[in-house]
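Both complexes below contain chain A, partnered by chain B and then by chain C.
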Partner chain A sequence: MTAIPLARQGRLRRLRKDFFGSTASTMMTLASVAVILALLRWVLNWAVLNATFSASATQAVCAERSGACWAVIAARWRVILFGIYPYEEQWRSALACAVVVVVIVLSCLPRFWSFGRLALTWGFGAAIFYILMRGGVLGLVRVNEQQWGGLPLTLFIFVATGVIGMPLAIVLALMRRSELPVVARVTGWIIDTIRSLPLLSILFTCAIVLPFMLPGFLVGEKLYRVVFGIALFFAAYQAEIIRGGFQGVPRGQEEAAKALGLPYWPRMARIVLPQAFRLALPATINQFVIAFMETSLVVVVGFVELLAAGNTAYHTGEWKFAYIEVYAFVAAIYFAFVFGLSRYGAYLEARMSAGQRKE
Partner chain B sequence: MAAPPLWRSKSTRAFMFQSVFLAALVAAVLGATLTARSNLAAQGLTSGFAFLWKNTGWEMNFTLLKVAPTDPYWWFLLMGFCNTLFMGLISLAGASGIGLLVGLMRSGRNPAARLLGTIYIELFRNLPLILQLFFWYALANALPNPRQAIAFGGALISSRGIYLPGLNVSQGAVALTAAILLAGAGLAVWIAATRRPQGLDPVRRRRLVLIAPGIAILAGVLALAASHDPALPWLTLPATTGLKIEGGVRIQPEFYCLAFAITTYGGAYIGEIVRGGFKAVGRGQTEAARALGLSPWQVFSRVRMPLAFRAMLPILINQYVWLIKATTLGIAVGFSDFFMVIASSITHSGQTLEFIAILMGGFLAINFTLAAVLNRLNRAIALKGHQATGTT
Partner chain C sequence: MKLSIKTALVAGALSLPALAAHAGVGDTLKEVQGRGQLNCPGDIGAFLGFAEVDDKGVWKGLDIELCRAMATAIFGDPAKANIVPIDWAQRWPALQSGDIDIVIKASGGTLSRDAELGLQFSMSYYLGTTKVIGHKALGLTSLKDAEGGSICLPASTTIERQVSSYLSAKGIDMEIVALEKNEEVEAAYFSGRCDTFAQWGPVLAVAASQAENPDDHVFLSDVLALEPEVMIVRQGDDNWVDIANWTLTALLFAEQEGITSANVAEVKANPPNADIGKFLGANPGMGKPLGLADDWAFNVISKVGNYSEIFERSLGQQSPYKMPRDMTALWKDGGVLFPLVVD
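Coming up: the complex of A and B.
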């Protein structure tokens, strides 16, 4: 008989207690394991074991097997990713997406956490993206905004939301805590009103109603109006997050800066805002995650971003049956971005609270 | 020594700045309104709310009460508003249930249950709600057509909707019953949450809390029974006749897909809030309760749950408001909620400004009411004075 080492014995006992500590716990374990295994089995069967991987398969071929028909992705992936962008120019779309991904990754590195560097990275990235997508310069063919679609459009809306929304949020947050009562009160009303409206109604207003309300020279492209609407909505939420950060900054900091004779703007930019932003960082990333998911709402006002492009990809007679495959593909792309960002947020939160515990 | 010149004085500058700010704001709003009015007048539309009493001439695809194209706009708006509230009520209740379950699984000790909860939350929380909604809607539309409907119990499931056995009573009576039940539940919550009438001893108060919904249920059943047509049987079962299904109660795909999508998505978010709430309950509190010899169920229901609820309520309020706003996604699949009725009204009547104002008013009213009620509840259960916060 071989003796189990004492440490392992303890671990075993703990595991047994966790999994089978009581009747209720045992039942919960069995039920959970059964559900997880059933899910795994179904996904594995559908996506791999019973799936048809041949790129040239048609509905008739796929129907012989019960699993997924991945041929739809092989046939339609360019529609899903790039929408109705001109076929020969789609390399520009791909490159533009890569630029955005690089910008997002760069701004996640603590090295880039200064106003100057972040503004430069995002501004520069947005400019390259815009030149690549729109063309008309440097020998690139001009592509109208109406032809943008798929993943680049999703990323464009996301980046533009950040680039416009973030400065707007800072301005709104500063105005809300202004010493001038009228400014503070009115800004508070505006923020609260925007926050209590659904984003869809703002999109709808920007896309369809705003042209009536603006003088002709201000109307502009529908895409820009809608992006401005999303940015405004983002800014209203983000302003409240920054305000939460302001409240966490000790009063003494601002008073000390005042006592040193620092005027308003340096005081804000160098003392208060950096500390407020640090405190608000986890919530800010969470807000960016939500903003990324909410870009998909522009489907409703008629833009062919990633989700809508997925819809058009299977809305042809030939692929009508393969909607699950298309949605799984689109979902995987969204999931990669959203899950990545939110994991990063959780990592940052852990890192920051670890720093606080040491103090 | 002369006083500083007027433009250097701080209060004058503050006054001037604020006046300019206000003037710019008023000018922007006024300018937009005037431009809109002149643009609309060019299309031959008059502003004002007289159109509310005109016929709409189109139809709503989901209503709680009868709606016909000959009904006026205000009735459509009211019914759309009710749809939004109805959808909100159902999905908030569902999302809270799922959230509680998943949150408990995630904060328990059992690793298998924790893993299942984590899979659920990561899957549903990291995909856009509208993507999930489209997916469920595509699934619902891929169900067999009415002729090959799946029979399940007394129900028939088809791509046209789920047909459930129903009572042979009038639609108005059902609405009345629902209103009575809601009033009863509201009264019970009010009696339980406020300290009024004052000086009521706890036992009688508890009895009162039970009596209020009891009376409501009784009144509801009576209202239903009164509207029953004696010539018809009590129960109506769905049956396939030709290409259609007749009888029973039809639940449309638009409705149940939206409700399901918001429920599952909201459940994932609420699950995280619930987990956070339980995490905030101090270890000492639980250990003290156990040391007092309370049973595991008592520890949970008398100590951990109330403390966790207190910690999570403020965040929960924001989440509820968010979920109510998410019902506007109905327009993506064609569920006629308040927003969709407004959008169709604008395209049909062209009374843009008025409808936008109604839309804003409607959502402000919903949000402020919900926030006010929940904040009242929050104040009622929040810690009074300076007590230990419970975190160790």
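Coming up: the complex of A and C.
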């Protein structure tokens, strides 16, 4: 019997076994490393070594070097981030973004997880965001929703989708498992109908067709109709995810709660929902990531969100050649948000499974 | 021109009778005046030279300037033009639903738009032709020379249809490379994947002017199609069409008479003849029949400029594209544009 290997030796051995265990896997390893290195080298060359960083560079200057032309970001970053929001007022857009990020970060902290605190944070956050973006009060110039653009618009749509969609999803999920067959059946129909419509057609309907069908006082601003449509779509999917979570909770849990005489709401809020949520968490994070990506679809109904603003930014005589740089910049912003979201999801899973480990 | 399949679907779906009821109701001018701004379409992204966004997020381009001219005619202030960012697919539904008051968006007058969608056109303010460029090194002068070669074009647009019918009519055999995004088409052509590249003229001129070596590319002699670009409004409001037409006439008439934003005040103070005096509002009569102020044309020229000034800023010598006027010149300079008669 050999002595227990040191952890490090064990890891090395495992590495060797996993990556160089046989001729085939050795070759695969070497080939993959070669490809990765080549890609990295290419990216590094393009983005850093051969790139032009001077903010005042023009197409002619950039063309002399083979790499990226980051001058486009220096010249057009305000168009990318804020779209066609009035130039002099763009500080309001920036501040509004900061407010959203702060509110999101705050509500991610376990310390804020009480209904009162969350409601207060979100209520305040929403009010500040709305006043900053729309103006018309406190001496701020009024800016139409049509002029909103770039990052604040993307964040607004995403956050509003979550804030409206998530509670709606819970309600739908609860209704679908209602003991009254009529309620359960009808909810099922509603969910399935929404899910069988493409998001694009929902967007078009909300933006363009609804004004013809609704009475005037219900029409409202196009942005809010569209956000409502996206939230409805999100809720239909999320409701099914939560229902999946419900099905994973052992029947005995609810029966035991009933036996203890807990009425419906405490039973749901304290026994069933928390467990269902934990089971549904990976899929929920997934759904949020998708929702974030799908905000870029609102471009088809005439909103200049982040990606469209990027499009606008390079679409001009001087910068037409530099679209890869602009897309890379926009991709980095998306990456920062989505990566943060998935890491937070991983943290939540670790935290929630803490009590589970003993089993 | 940019009639993709998506566009067609949406336009088709939304031009149903439900919408037709909205068309042509009310007096558009009164509605615009009541609202205090004129709503025109911009773009999602940009359409180079016609509607694009500068470093400060302000719209510019030929279509945008025409909208500003019209806003100036109505309000005396170009800033009253409100540019709504909408996509190609949405311009008709947006016009029908009243989100915008007029479509000035590099759009041609077609039978289906006129008769089926229930729209009405102004005179043409620009003539767009579909053309082809080729690599100079190949020594091409027309598409006939490129027989057996390849042609790059944007997929599922009218360009694709025009090219294939032109090729079959002339009996030229070429490999068609259709790609989805204009950037892809351009990249494919400039990287040498295709011998030639077909597009709407202005887009092509812009692309060629931005090439690494603009001199390496030549315009072939073929003209595949002509599309007269017009301003488009809902059917049934004749006064509104008149205002669009007379705004355009003011721009062209000023150019014809040599009136620019620089000298318009001088000319107004000292009109060379009675018609110009009336045109600039020195004598009454220019505004009343249209429901506008008598000095509306003066405002347009002094605050926006004449047609030539607008063109040179947007597409011509003062722009990065340096496009010649060509057919879009005034009749007396060998072009086809003309003002109506101011009497």
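Definition applied: the second predicted complex is superposed on the first by the 307 of 359 C-alpha atoms of A that agree within 3 Å, B and C clash if a C-alpha of one lies under 4 Å from a C-alpha of the other, contacts with A are read in each partner's own complex, and residues count from 1 in each chain.
Simple rule for what comes next: a residue touches a chain if its C-beta (ideal position, glycine included) is under 8 Å from a C-beta of that chain, and two chains touch if they have at least 3 such contacts.
Quick caveat, the model's predicted, so the values are computed rather than measured.
Colleague: Does the chain A-based superposition show chain B and chain C clashing or fitting?
Modeller: Here the two partners, once superposed via chain A, clash with each other.
Colleague: Can A:P86 be said to touch chain B (first), chain C (second), both, or neither?
Modeller: The second partner, chain C, only.
Colleague: For A:L180, select first, second, both or neither according to whether it touches chain B, chain C, the two together, or no partner.
Modeller: first
Colleague: Quick check for you: in the superposed arrangement, does A:L138 touch first (chain B), second (chain C), both or neither?
Modeller: Neither partner.
Colleague: In the superposed arrangement, does A:L197 touch chain B (first), chain C (second), both or neither?
Modeller: first
Colleague: Kindly classify A:A259 by the partners it touches after superposition: chain B alone (first), chain C alone (second), both, or neither?
Modeller: neither
Colleague: Should A:R78 be classified as contacting the first partner (chain B), the second (chain C), both, or neither?
Modeller: second
Colleague: Once chain A of both complexes is superposed, is A:V299 in touch with chain B (first), chain C (second), both, or neither?
Modeller: Both chain B and chain C are touched by A:V299.
Colleague: Check the residue A:A63 against both partner chains and state whether it touches chain B (first), chain C (second), both, or neither.
Modeller: A:A63 sits against chain C, while chain B stays out of touch.
Colleague: So, A:T312: does it touch chain B (first), chain C (second), both, or neither?
Modeller: Second partner only, chain C.
Colleague: Looking only at the overlay on chain A, choose which of 185-193, 257-265 or 275-283 in chain C hits chain B.
Modeller: Residues of chain C that run into chain B: 185-193.
Colleague: Could you list which residues of chain A make contact with chain B in one structure and with chain C in the other?
Modeller: Residues 204, 208-209, 212, 299-300, 311, 323 of chain A touch both chain B and chain C.
Colleague: Would you pull the chain C residues touching chain A in the complex into a rising list?
Modeller: 10, 14, 18-19, 22, 42-49, 52-59, 82-87, 89-90, 93-94, 97, 99, 183, 206, 209-210, 212, 319-321
Colleague: Could you list, by residue number, the parts of chain A that touch chain C in their complex?
Modeller: Its residues touching chain C are 59, 63, 75-76, 78-79, 82-87, 90, 144, 146, 149, 204, 208-209, 211-212, 222, 299-304, 308, 311-313, 315-318, 320-321, 323.
Colleague: Residue numbers of chain B touching chain A in their complex, please.
Modeller: Going by the criterion above, the answer is residues 14, 17-18, 21-22, 25, 31-33, 35-36, 39-40, 105, 108-113, 115-116, 119, 122, 125-131, 134-135, 138-139, 142, 321, 325-326, 328-329, 331-332, 339, 342-343, 346, 352, 356, 359-360, 363-364, 367-368.
Colleague: Can you tell me which positions in chain A touch chain B when the two form their complex?
Modeller: 18-19, 21, 25, 28-29, 32-33, 35-36, 39, 179-183, 186, 193, 196-201, 204-205, 208-209, 212-215, 293-294, 296-297, 299-300, 307, 311, 323-324, 327, 330-331, 334-335, 338-339, 342
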